[in-house]
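Chains: A, B, C and D, in written order; residue numbering restarts at 1 for each.
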Amino acid sequence: MTFQANVSDAMSDVTSNAATGPAPAKEPEMMLAVEHVSLSFGGVKAITDISFDIHKGEIRAIIGPNGAGKTSMLNVINGFYHPQEGTIYWQGKVRRRMKPHEAAKSGIARTFQNVALFKGMSTLDNVMTGRGLRMKSNFFWQCIHKGPALREENEHRAKVEEIIDFLEIQHIRNKPVGKLPYGLQKRVELARALAMEPDLLLLDEPMAGMNLEEKEDMSRFIIETNQRYGTTIALIEHDMGVVMDLSDRVVVLDYGKKIGDGPPAEVQANQEVIDAYLGVSH
Amino acid sequence: MSVAEEAASARLETFPAVLLRNAKQWRDRPAIREKDLGIWQTWTWNDTLQEVRSLSIGLAELGVKKGDHVAILGVNRPRLYFSFAAAQALGAVPVPVYADSAAEELAYILEHANAHVVVAEDQEQVDKVLEISEQLPALKEIVYDDPRGLRDYDHTHLHSFERVQARGREALASDAGREALWLEGIAAEKGSDIGVMLYTSGTTGKPKGVMLSNDNVMISAVNACEAEKLTEKDEVLAYLPLAWVGDHLFSYCQSYVAGYCISCPESADTMQTDMREIGPSFFFAPPRMFEGLLTSVMIRMEDAGSLKRKMFDYFIKHAEKVGEDILNGKAVPFMDRLKYNLGELMVYGPLKNTFGFSKIRVGYTAGEAIGPEIFRFYRSLGINLKQLYGQTEASIFVTVQPDGEIYSDTVGKPAKDVEIKIADNGEVLFRSPGVFVAYYKNEDSTKDTKNEEGWVYSGDAGFFDDRGHLKIIDRAKDVGKLNDGSLFAPKYIENKLKFFPNIKEAVAFGNEKDKATVFVNIDLNAVGNWAERNNIAYASYQELAGHPQVYDMIRSHIEKVNEDLSKEPMMAASQIHRFLVLHKELDADDGELTRTQKVRRRFVAERYDDLISALYSDKTEQYTKTEVVFEDGRKGSIEATVRLSDAKTFAYAQSEAAE
Amino acid sequence: MFYRETGQFKTNYSDDRAIFPIAQDRYGIMILLAIAFFVIPFTVDDYWGNAIFLPLLIYALIAMGLNVLVGYCGQISLGTAAFMAVGSYASFKLMTSFPGLDFTIVVLMSGLITAVVGSLFGLPSLRIKGFYLAVATLAAQFFIIWLVNKVEWFYNYSATGQINAPERTALMFPVTGPNAPILYKYFFCLIIVVLAALVTKNIVRGRIGRQWMAIRDMDIAAELIGVRPLTTKLSAFAVSSFLIGMGGALYFGVWLGAAEPTEAFGIDQSFLILFMIIVGGLGTILGSFLGAAFLWLFPIAFKNFMVDSLGLSTAMSEHLQIILMGGLIIFFLIVEPHGLARLWQITKEKLRIWPFPH
Amino acid sequence: MSVEFGFFLETVISGLMAGVMYALVALGFVLIFKASGIFNFAQGVMCLFAALTFVGVQEKFGLPAWLALPAAVGVMILLAWLIERLVLRHLVNQDPIILFMATIGLAYVLEGLGDLMWGSDVKLLDIGLPQGASDYMLDNFNLYVEKLEVVAAVIASILVAALAVFFQKTRVGRALRAVADDHQAALSVGISLNTIWVIVWSVAGIVALVAGIMWGSKSGVQFSLSLIALKALPVLILGGFTSIPGAIVGGLIIGVGEKVAEVYMGPFVGGAVENWFAYMLALAFLLVRPQGLFGEKIIERV
């Protein structure tokens, strides 16, 4: 059989590091950039003069010790916190100060460090809620649940089912999320974020508290999301193995300052980063 | 309707021809369903025809032609079922392969079958094929159903299902004569052409490719549909392996013939829920499944409140008393009937409902003997469960229990058009329109199995009882002799043991030995539950298996069997003298079971050679070390010191059962 | 036990997400509706109609309204009675200002007016949450009642300060005033309540309902996935007030016939409705009905028992009743904080897996 | 001093006195909310119940006031213990709204119980507090000030001071403060959560007793007493649910604002402005400062 040789290459592409993919021939397109951003709460500096960017289509990791300002950074990106200083560029344009739901509308979705699901709702309803921005039928049709409302509901259900299928959570479709095991809750949260069909997906410690198998699954989902839907992903993660495997580029924060930025291997070798992790500096 | 279409569907010798008829006759009736994306996606007969046609022509574009072999690899999915008809429409032969085959088995079958094209379910199957593709010079193309994870694969010879169908549609659109050509192809297929090739799992040796002609399966299917009065209104759950002859007949052939709809479950895990949702009217399951269900019923009822349990036990007892008679249409006292109706409301109905058995009109079980208690339990609930005796070589049907003549210890009377005779050595021989054409590339075996007059040696030993029902005792070649010359039928003993819910598997030894001994595998579910109730702590299967109280319990089961055996003149000599409880579960991954979960007796005997010799010594324990394959494919070994134990035997006692 | 679901499978999403996906539930509700429409009206006398069925239906409607706000959207309100008052006074003014207006229109418009007022009082919910909001809704309670009491225009300058419902018809059938037959009153309320329940269910199972629940369960996450807090919360206030306003119009126009603000719309009414949805079940339509039934029927039954059977004085019985009511609420909260609807849910699950315990 | 200004001053002083009452009731709320996160709707009824008990034991058992006081305190402590036993411990880890509803239920029970035990007629409460106008104020400043109100204010101040000492200086007090922030921390002090609840409800009960006696001395013990709780709610909004100084300052603001509004605005809109003015004031205030006067700005985290 003739196609043996090519296949193994293709397979390694899927299963291992996406960073070894084809080198970009042209200048990478910018999804988001923060420039000289500073954020403080009543005098306490959470983020100090940080600049970095996220390319379209890449998986970008944000790492750093606890309290380094990683989550604050995500909160700035999706409009939950408003930095006192600095500029945010979104898809090439300066972004004005916006509310979280406006950021969501512009194409940013996220998951949370401590799962923030809607506990009283089923998995399906949680994910369906993620489609809310794309549902347009008016109040009248909603009241009678027929015509455009029903049609829309069914169309979005089909989309949601695809995501449910993709993340392999069919069996918990109708279960209330509050009672699910933690690993599954994280997955439902990812499903909800994916349902928004975001351009940029922010994942705040997607693998925290998971066992090895769950981590592997989650890594697979993240890579597949990135490849299948072309979603740009920024993630915070503590598991260095995962970060090195998944990400194209890594930015390292420590005490609200940026101390490293570059491909995983480069960052890993950076002395300042090593010190920060070992607690040498400061 | 075009002339060609008419011609093609006039003679219903092939399944594509039947499909053309169905698409006309039952155009908008459901043909196949699949639980996908949360609902039962449905294809009507017309949809099915469209799918099959575009796929078929797409396959032709890929180069599939008459006589080619198209392997179908995966679990029950509508598209894989479409592939059968699509291949047959081109005169190609579909060769379904077990989805859980290891790469090695798969390599053998695909190589042996000379498969030109593989239609694979998903990435997992594609990977398996790719891994062994070097050994498959005949293999040209791979088509896959589920594209997930396959995006970045080299697609020179790898095609998505959609892509193939799109090519088919393009060809249809660009060439006006193409459809007529396709229909002509269908019309040209004859009943005597090979329609399908099924590999027998084979308890010994390499799998054999059983070539069945269109006539073989068509006539068998038509007969079966008539016998059970199956119509387009029936519902069937398609969940057994595609490569198994039963599924091929029930889910493909009979569905086409009778026009009923088959439903594919979402996954193996959701099979129970899916079953309940669909509520099949015609159902098939191996005894194993019925056993498992019964065990789960009993376990779940353990936790019920005492009042509810009393009620449950009361009505189940009542069903045991009159249920079968009511099912068989016999006269039952009015009060009993009333009580049974109450039981139906309170227990039987809900129970059938939770299993998804409420609508079963005809249920089959086959493959091995079913425990009489289990069999009667289901029948007493009002489920028309029947035993079937069949083989791939017979297009499954050899004998079926006719309605109203159900005895738990027989496999019934010969099915329609089937002749049966018993050879001198006790072997069952049969002849029918369903009898296979030949084994593929294996003339020797063909000759050994099928004689010139068309009689097939079933390989099973059995006899007809005075009611004209066939009774199977064992594999003909497994029936051996003890050293004292008396008959030793291991399967017979094993089945008796396996009727105890605590015993999952048993392997009996005794041929050319002085006495009979057995290996026992406990059922972790049942015994684990029992242990919990009796406050027996255990950390592993191995520890539980070796527990003295478990040994006591198993011993009591064995002694009960011995007591039974002692009453049968032929079997009294093969009472079990010594036994052991194996430290690990027999596993298909280790080659100890076949893919259909049958014990590979000889392999087990070789593998646990040390334990067997210990059984025939007077040791009380034996150390053993066994190579195993873990779930993730790694190899390792398990070691254990297995306890050996004696069991009481009984003197031969004449009883009414033996007269 | 009575649930036989084998063979009930869904081939499309509409069926899968139907209000009653299980056939037996559908039959059950049909039987209930059949009784409500064809049996009760022809067997009920004035006492049963006025003392039991009318208040039951009307309280169920109002409870459903409050449930939208509290149960679905998570915004606690203690001002229900005030919004009932808005509905009542709106209907009174409409009836007296436009004598020819069909009462159906009056009820709908009363609902709309209340929705506007309710949204107004819902505005603070954007800045304040939880108990702060609950207390803020008390502002509505006191302010509105004061307003309708003090501004004579609201009660048409009548000497008593009361409002009395004139006779009006709905589709030619007299439904208000002292001479309207109980049969018509009952049918009128029943139809409105059934339709309102259907519409409310439709809303809560669609996009809007999910967004309400998202705000309820985790408002920050909801906002981050694109739920607009402003529109979502205000829509809950509006829908809730609409239902309560319609309920208020029926409460005054059809049932009581006359009302005096501090008595008919006191804060105890607000609590009563709140109890209804707590006991019935927050965030369920069914719970609104069950809660209304329980909290309306229980005191009647209790009083009858105490006064008629045990011969206690009315005052004594009233004290006991109030203690028992409070005790019962606490008992319910301890035993089943999710209310009667959850109890039914649990029972139903048991029936579905009968005879198995789990 | 002009007559107008004098009248205004009288209004303000009378408002301040009412404010002290509100502050006392609000204090009870804050204590419980701070320690257990429970919004105790029954606080007002507790005032009524406490006052009823205080009067009741005097009437029924003929106890003198100095004995009735400890008896009433005992009853309030017993009540706290019962509430913890029968209600709170069964509702641990429930949603705040559930606990809130439970306290409404509690309010019903207490109301019924009080009526049942001591009768529902209006009772006079006279423990010999000075009545009538203060001659001193009248003579020197030409201001009409009720003596009782002055006494009430003094007693309230003493109570607040005592509570402050209790919270700052005693071990139990410190534990109570700790529990508001962190349940674990409280446990590390060596006091079980259940005990803390009993203590805090007892303290709230005693505060309610004091408030009930004060208010009852002024206008008799009757059902309307429980309604002052409703007045205390806007105080809470104003002051913040967890701030003791907030409760006091808020109470004074509401008291004064209400009186001034009634006197100066009431006549133009038909009177009875008191009923809602406090709420509107609080509401308006909330829109500007959602966390209340003394509440900390909440930084929301995800």
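Quick notes on this structure:
Quick note on the criterion: a residue touches a chain if its C-beta (ideal position, glycine included) is under 8 Å from a C-beta of that chain, and two chains touch if they have at least 3 such contacts.
What you see is a predicted model; the values in this text were computed from it and never measured.
For the pairs A-C and B-C, the larger set of C-beta contacts lies at A-C.
In terms of the distance between Cα centroids, subunit B is separated most widely from D. Here the spacing of subunit B and subunit D, counted between their Cα centres, is 77 Å.
Between subunit A and subunit B, the centres computed from C-alpha atoms are 46 Å apart. Centre-to-centre separation of subunit B and subunit C, using mean CA positions: 57 Å. Annotation for subunit A: residues touching 2 or more other chains are 80, 112, 116, 157-158. The multi-chain contact residues of subunit C, meaning those touching 2 or more other chains, are 12-13, 220-221, 224. Shared interface positions of subunit B, i.e. residues touching 2 or more other chains, are given as 38-39.
On the side of subunit C, the complex with subunit A involves touching residues 12-14, 17, 199, 202-203, 205-208, 210-211, 213-214, 216-218, 220-229, 235, 283. On the side of subunit C, the complex with subunit B involves touching residues 1, 3-13, 15-16, 353-358.
Contact residues of subunit A toward subunit C in the complex are 78, 80, 99-101, 103-105, 109-110, 112, 116-121, 125, 128-133, 135, 137, 139, 142-145, 149-150, 153-154, 157-158, 192-193, 196.
By the touch criterion given at the top, residues 39, 86-87, 90-91, 94-98, 100-102, 104-113, 115-116, 120, 230, 233-234, 236-237, 241, 269-273, 275-276, 279-280, 282-283, 286-287, 290, 292, 300, 302 of subunit D touch subunit C in their complex. Those residues of subunit B lying in contact with subunit A across their complex are 36-39, 127, 130, 133-134, 136-137, 139, 148-149, 151-154, 156-158, 266-267, 269-270.
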